[in-house]
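One chain, chain A, links the two complexes that follow: it is found with chain B in the first and with chain C in the second.
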Partner chain A sequence: MGEVSTAGSGVGARVRRKEDDRLLRGRGRFVGDIALVGMKELAFVRSPVAHATITGIEIPEEHRGAVFTWADLAAGGVKPIRAVSGLPGFKVSEQPALADGKVRFVGEPVAVCVAATRAEAEDIAASVFVDYAELPVNSDMLEAVTPGAPKVHDHWPDNVFLETNVGGNIAEIAATAPVKVSRTIRTARQCMVPLEGKGVVAHWDRHVEQLVLTTSTQMPHIVRAGLSECLDLDQGLIRVVAPDVGGGFGWKGLLQPEEIVAAWIAMRLDRPVRWTEDRREHLVAAANAREHHYEITAYADERGRLLGIEADAWVDAGAYSVYPFSACLEAAQVGSILPGPYDFAHYRCRTFSVCTNKPPIVPYRGVARTGVCFAMEQMIDAVADAVGREPWQVRLENLVPPEKMPFDNVTKKHFDSGDYPESVRRAVAAIELEGWRARQKSGEPDGRLIGVGFATYCEQSAHGTAVYHGWGIPMVPGHEQAQARITPDGGLELRVGVQSHGQSMETTFAQVAHEVLGIPLEKIKLVHGDTGLTPYSTGTWGSRSMVMAGGAVATACRTLAERLRKIGAHLMQAGPDGVVLEGGLVRAGPAAVTIREIAHTWYRAPQLLPADVDRGGLEVTAGYKPGSDHGTFSYATHAVALAVDPEIGQVEILDYLVVEDAGTMVNPMVVDGQIYGGVAQGVGTALYERMPYDAEGQPLASTFADYLVPGFTEVPHVRIIHMLTPSPYTEFGVKGIGEGGAIAPPAAICNAINDALKPLGVTVTNAPMTPEVILGAIAETRGAA
Partner chain B sequence: MSAHAKTISLTVNGTRVEASVPPRQHLGDFLRERELLTGTHLGCEHGVCGACTILIDGEPARSCITFAVACDGRSVTTVEGLDDDPVATELREAFSAEHGLQCGFCTPGMLVAARDVVLRRPDADNPAIRTAMSGNLCRCTGYVGIVNAIRRVIDARNTNAG
Partner chain C sequence: MKAVDFDYAQPATLDAALELLSREDVMVRPVAGSQSLGPMLNLRLAQPELLVDITRIAELQAIRLDGDRLTIGACVTHARLEDGDYPDVTRGVLPSVAAVIAYRAVRNRGTIGGSLAHADPAADWVNVLTALGADVVIAGTGGRRTVPMTDFILGVFETALQPGEIVAEIHVPALSDRARWGYYKVCRKTGEFSHATGAVLIDPARGVQRCVAGATSGKPVVIDGPALFEGGCTEAAMAAHLAGSPAADDPIALKTHTVALKRAIAQVMS
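Let's turn to the complex of A and B:
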């Protein structure tokens, strides 16, 4: 572990971002900003029905040659997407980039239309007539697993991608536990809604004889691997480039059918082509996240000490298995992470990845954790209610205590470090619980009901090799690599295969390099997101980039530092002892040479180099893995105080607090930004965002007027308290932090709403907790009374 | 389609532009595709997200629900035209200091809307800033940095004026 400073511009410094200026002047370069000479635009004909056999596609005579279907792609050798998990029992789906005789969700691409402008391409799309023979639809995952349900994939015996079973030693506890509480809990299907939709520009570079695909992605190297498999094209013939990417949150972490189609059309027509996802396409065809259903029981003693958890969980995985994460990652993850940050001994969880007539599920910020936390934290509050204690007290009763760290939990997750109970204690103090309790007792003049809720989670991030090997999916992270190169004028170029889409990597990786080498930030350039220029990487997902690629940058820079010291010592005619690199200078006693002088020597005055100089020169590619293959565990307690209006079901957040521990922070401003943004998305999950489907599988929201993304007046001015427990396993002790903010808000807000509704005897368990849901629960309780 | 094209004359970032445009083309596409002013971002194309906000005759407007043909004789200013604008300069500084942007996609629209708030509402407290900005969506920042940035500019201007 290195020295960590909070001043200056190295690790720990709150420095401004290098990427800001171009973005603030409207001079970034997003996919939609790219225009190539002769470029054509694409528009897709998409299925208007959820499940049907295609009995005919009529293309008007005047548009023949401008419309392509799967028959054209298949004749050209294009293969369907296969994202297979190696877990036993996994059923394989094949997803053709354009529908092959059958459609399985509304929005599925059926044909692609090519024209000079997007408007003209859409005109052509509107003129294509597709004959659909409609089939019975699976629009609800619980009905899809009942006997006799229509099958999404005809050759499967049922509609389950995968069933998993974890644990099992629960029967005795279930029979003897003094306290037993059960809940049915559900989260809604969501869209991730990055403000920039997906987009892709494809062309064949005749000079280098490569397909160049510029795409709004989080994982260019994985897109290249997937394209290679589906197009049957050597990876050396494909270059994937990510330009500025306008948010991702998981939606841009997959190989998309549209990417395959654009690539194939560009090669077929030998013309550049562009596809830009519009908002309606996103809301309809990419409603693909979060939909969980739990039947869960907690067993506890009279103090609320957890004895065991037993659960069945269903995840609506949609119609196909996505590349690279597969259809089962989310549900299978539920089984392994449902126990959360708690220490208990008995556990059984069965999960089902259910295949339905909806868009294929893609891991959204926090992946399964948001649903898991929503379920588990409701159970902690339910246990607290049953034993008559404050929910925070029951959390303290059960959280892994600091003296047990590092700790292996009931599902063999290896928690690296931290003081989980302290995060609760600080949250209780900082939200000023006593004051809210007093206010609850005295009542509100406007009749609203006050509630306070807490939720605690821990989040595995920067996953290692073993866990992904265990999933057996197309992507397994190994050593992350970075290349560091001193330029001839003494600057530094860093090349990494991860891709920033808002995470500020141009700044934070420069801070890491500065920490090691002392080169000023303005002389450090990050090159990323380009398979032609960077080392292989699985990309940016799972809160991994700073731990993994940041670790690789530090490792590469340390090797560079060693080489700089050797050359510098030689130039000063000093022995190796006592030669140090600090502040961008190599020093030997009072003598010093600059990195610029050393760079000049290597590149332009090599006659001055020592005879035994390292022939690798001032360029290093280094690989990195943390000391533990289990990754890092960041954690937090969220606390919220809110008011519920029982007459109209409206919720107003009055205070929102996050007490979090991400280990050492490379740039506290950036960490705070990730938390603020995550919480905003979590508030959306909790209170607003839901893609409703009717029984025919029709999505009932297709604009921002009916799919509600929280805005300035819905998101609270979040307060953050940091704890700083370094991970023992990573460079500088950093932990992954990118997703955490989005995990706990639905749970904390649900617990607060139920705290508020307690006097009415009302409990809500499903997200989003819209006025309709809250009023429905109140009416149901009144009706029963 | 070109048979239906209309010729319009307008000012874009201070420069006179004459163009033949299809009647159905919205101003955002016109600015991006014809004028190559790609700083105006299209986030929803149905007038909700605010990413495409520009100025028409000095007033904020959604370029995605404004037809280019309706801008004949008007003066249009995009984010690229605010390089030397004093309020925008203060806002850029404050957005950077307060981490008011992450991916940067909503940012041009945010700046145009924020500039309007600073000019029209020097009295705004934070809830008023939030209400005034509620026509713009951001998916990255959780809005805290944006509110703080606008707060910083309003406070600095009030201090300097006082």
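Let's turn to the complex of A and C:
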């Protein structure tokens, strides 16, 4: 483990982002900025119905040659997307890039149209007539699992991708526990809404004889693997490049049907083509996430000490299994992480990944953790209510204490380090709970109701090989690699297979390299997001990049440091002992040579090198895995104070606090940014975002007028308190932090709303907690009273 | 999400515009600030063959005082009404309401006439101008006619405009010195469409006691006269007045509209 500084520009320094000069001046290069000679634009004919057999596709005579269907792709050897979970009992879905005789959700691509401009391509799409014989629709996951429900995939016996059972030793506790509370809890379907939608440019590079796919993706190497499988093309014939990418959040962590189609059209027509997802396509056609339903029971003693948790959980996985994460990542996570950061002994969780006539569910920032935290943290508050204690006291009663770290929980999750209860204590103090309690007693002049809520979670990140293998995901990450190369002028090039689309890696990986080599940040160049230029990687997902690729960068740089030290010692005619690399110089007592001089020697004056010089030179590819295969566990307690207007059901957030522990922070400003952005999305999940479907499977929101996301005036000022418990298993003690901000807000806000509504005897359990939900719950309670 | 191919004209005079708008050989639509029509074009909900941009017509940009009323040209932007470079005869209604329409970017382009012609029930001017007792001057090739707001807005996206006609100007009566007004809307977030709007005007000198419940599922609900106020403006009395109206589609809608009206009235009473 290296020394960690907090000043300068190494690990721990709050340095400004290298990429901002480009991005903030609008000088980035996104898919939409690319102009290739002769490039055509694509528009898709998409299904207007949720479930139907296609009985005919009529293409006007004048547009023949500009419209392609699955028949064309299949004749060209294209295969459907298959994302097969390794878990036993999984039912395989086949997703053709264009519908093959049947559509299974509104927005599913049926045909593709090619024209000089997008508007003309849309004109052609409007002229294509598709004959749909409509079928009964599964629009709700709970109805889809009832006997006699229409089947999404005809050859399946039912509509369940996979059922899992975790744990089971619950019956005795259920019979004897002094306290038992049950809840029905639901999270809505959401869209991910990165600023930049999906986009792809495909062309065949005649010089290198490669298909080049420039795509807005988080994982170029996985997209290449998927394209290779679906196009039946050797991976060596495909290069996938991610240009600047305007946010991903999981939506760009997939192989998408449109990428396959664009690639095939580019090869078929032998000219560049582009598809740009518009916001309507984004909202209705695919970028869906989050929809969970829980029937959950907590068992506890009279102090609120948890004895066990029992749950059935349904995930609406949509019509197809997505590549590479499958239809079952959500449910696999639910089963294994529902116990949260708590220490209790008895647990049973059944999960159902349900297939419905909706777009495939996609892992969104936090993946299942947001729903799991929403469910579990409501149960903590429910137990507290049942035993008459403050919710924070019941959290302290149950959280894994620091003296038990590292700790294996009831589902064998290996928590690496931290002081979970301390995060609660600090949150209670910093939110000034007593002050809010006093204000609640005195009442508000405007009649609003004040509530305070807490939510605590721990977040497994940088998942290891065993974790992903255990979840059955058909993409198991192994060692992460990085390439480090000293340039002939003494600078440094880093090449990583992960991809930066807001994570600030151009800055933070340079900080890691600087920490080891002392080369100034401005002389360190990160090359990323290109299968042609970087080592293989599963990409940027699961809050893994700093732990994994950052660790690989450090490892590669350490090897370089040793080689630099040896050459430097030789140039100074010093023995190897006592020669050190520091501050970008190799020193032997008072003598020193610069890295630039050593680089010059290797590249330009090799006659001066020692005879036994390492033949690998000043270029290293190193692989890395943390000391534990379980990943890291960052954690946080979120606390929120808010006011509920019981007359109109609106919520105003008055204070929002995050007490979090990401281990060692490479750049605290970047960590803060991740938390701010995550909380903004969490506020959306809590209060605004819902993609509603009617009984026919029609999406009822197709623009931002219907699908509300929090804006500048709805996102609270977030106060952040950092705790710094290094992970014992990683370089510098870093932990993954990318998703945490989005995990706890729905739970904390829900608990605060219920705290506010307590005088009315009202409880809400479903997200988002819109005015309709809050007023509905108030009306229902009044009606029942 | 690209508009269909259409022709575009930008006439300099109202007569030239009305001439184009009266063409029957093409599907023609007027456009001013394009804040509602723009998205409708891109979503292909509107597919005109000819778009007539009326924002370069000088007389539609004018604001002038005509005796005891303010005449506002149809193409005056919300931003200009917000910024207030005109004799405000409404004791702050116009600039205050303009300032809470959507976002400034929308206000910079969106116009008062366009808002009325579009007739979204949630639009601020639809409800506020009803409360103020404004009149709408409609222009067509056959001449001009003036209709009161209560006859102009006929329903959701429905107005008294006939094919070929446009809103030319709006007449806003001057309020007396003792007039008081209140305005409250329930929005999910800043700049979003209102779910319930309450607009109230009390102007004893002119004998006006008017409450408007807007953002309903139909035209604005007007409660005119002293009845509501004499009854003490209780929530029950308001709900009774709104019962059976487009503000009472379901219990939660009725409740929200009642609260919006109650809070607007509270501003008048305070």
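The working rule: the second predicted complex is superposed on the first by the 784 of 785 C-alpha atoms of A that agree within 3 Å, B and C clash if a C-alpha of one lies under 4 Å from a C-alpha of the other, contacts with A are read in each partner's own complex, and residues count from 1 in each chain.
Please note the rule applied: contacts are C-beta pairs under 8 Å (C-beta built on N, C-alpha and C of every residue); 3 or more make two chains touch, one makes a residue touch a chain.
Because the structure is predicted, anything quoted here is derived from the model rather than measured.
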First, second, both or neither for A:D33, with chain B first and chain C second: first
Partner chain in contact with A:E647 - chain B first, chain C second, else both or neither: second
Between chain B and chain C, more extensive residue contact with chain A: B
Partner chain in contact with A:D672 - chain B first, chain C second, else both or neither: first
Which of chain B and chain C A:P699 touches, first, second, both or neither: neither
First (chain B), second (chain C), both or neither touched by A:P726: neither
Which of chain B and chain C A:L24 touches, first, second, both or neither: first
Contacts of A:A680 with chain B and chain C, given as first, second, both or neither: first
Partner chain in contact with A:G550 - chain B first, chain C second, else both or neither: neither
Chain B versus chain C as contact partner of A:A119, first or second or both or neither: both
Residues of chain A at both interfaces, chain B in one complex, chain C in the other: 117, 119, 278-279, 703, 705, 711-713
Touching residues (chain side chain A, partner chain C) in the complex: 117-119, 122-123, 126, 278-280, 647-648, 650, 688, 702-703, 705, 708, 710-714, 770-772, 775-776, 779
Chain A partner contacts - residues on chain C that touch it in the complex: 1-5, 39, 43-44, 186, 188-193, 195-196, 251-252, 255-256, 259-260
Complex contact set, residues of chain B against chain A: 1, 22, 24-25, 32-33, 36-46, 48-49, 51, 78-80, 83, 92, 95-97, 99, 101-108, 111, 126, 129-131, 133-134, 136-147
Interfacial residue positions of chain A with respect to chain B in the complex: 16-17, 19-30, 32-33, 35, 117, 119-120, 193-196, 244-247, 249, 278-279, 501-504, 669-670, 672-673, 675-681, 703-705, 709, 711-713, 715, 717-718, 741
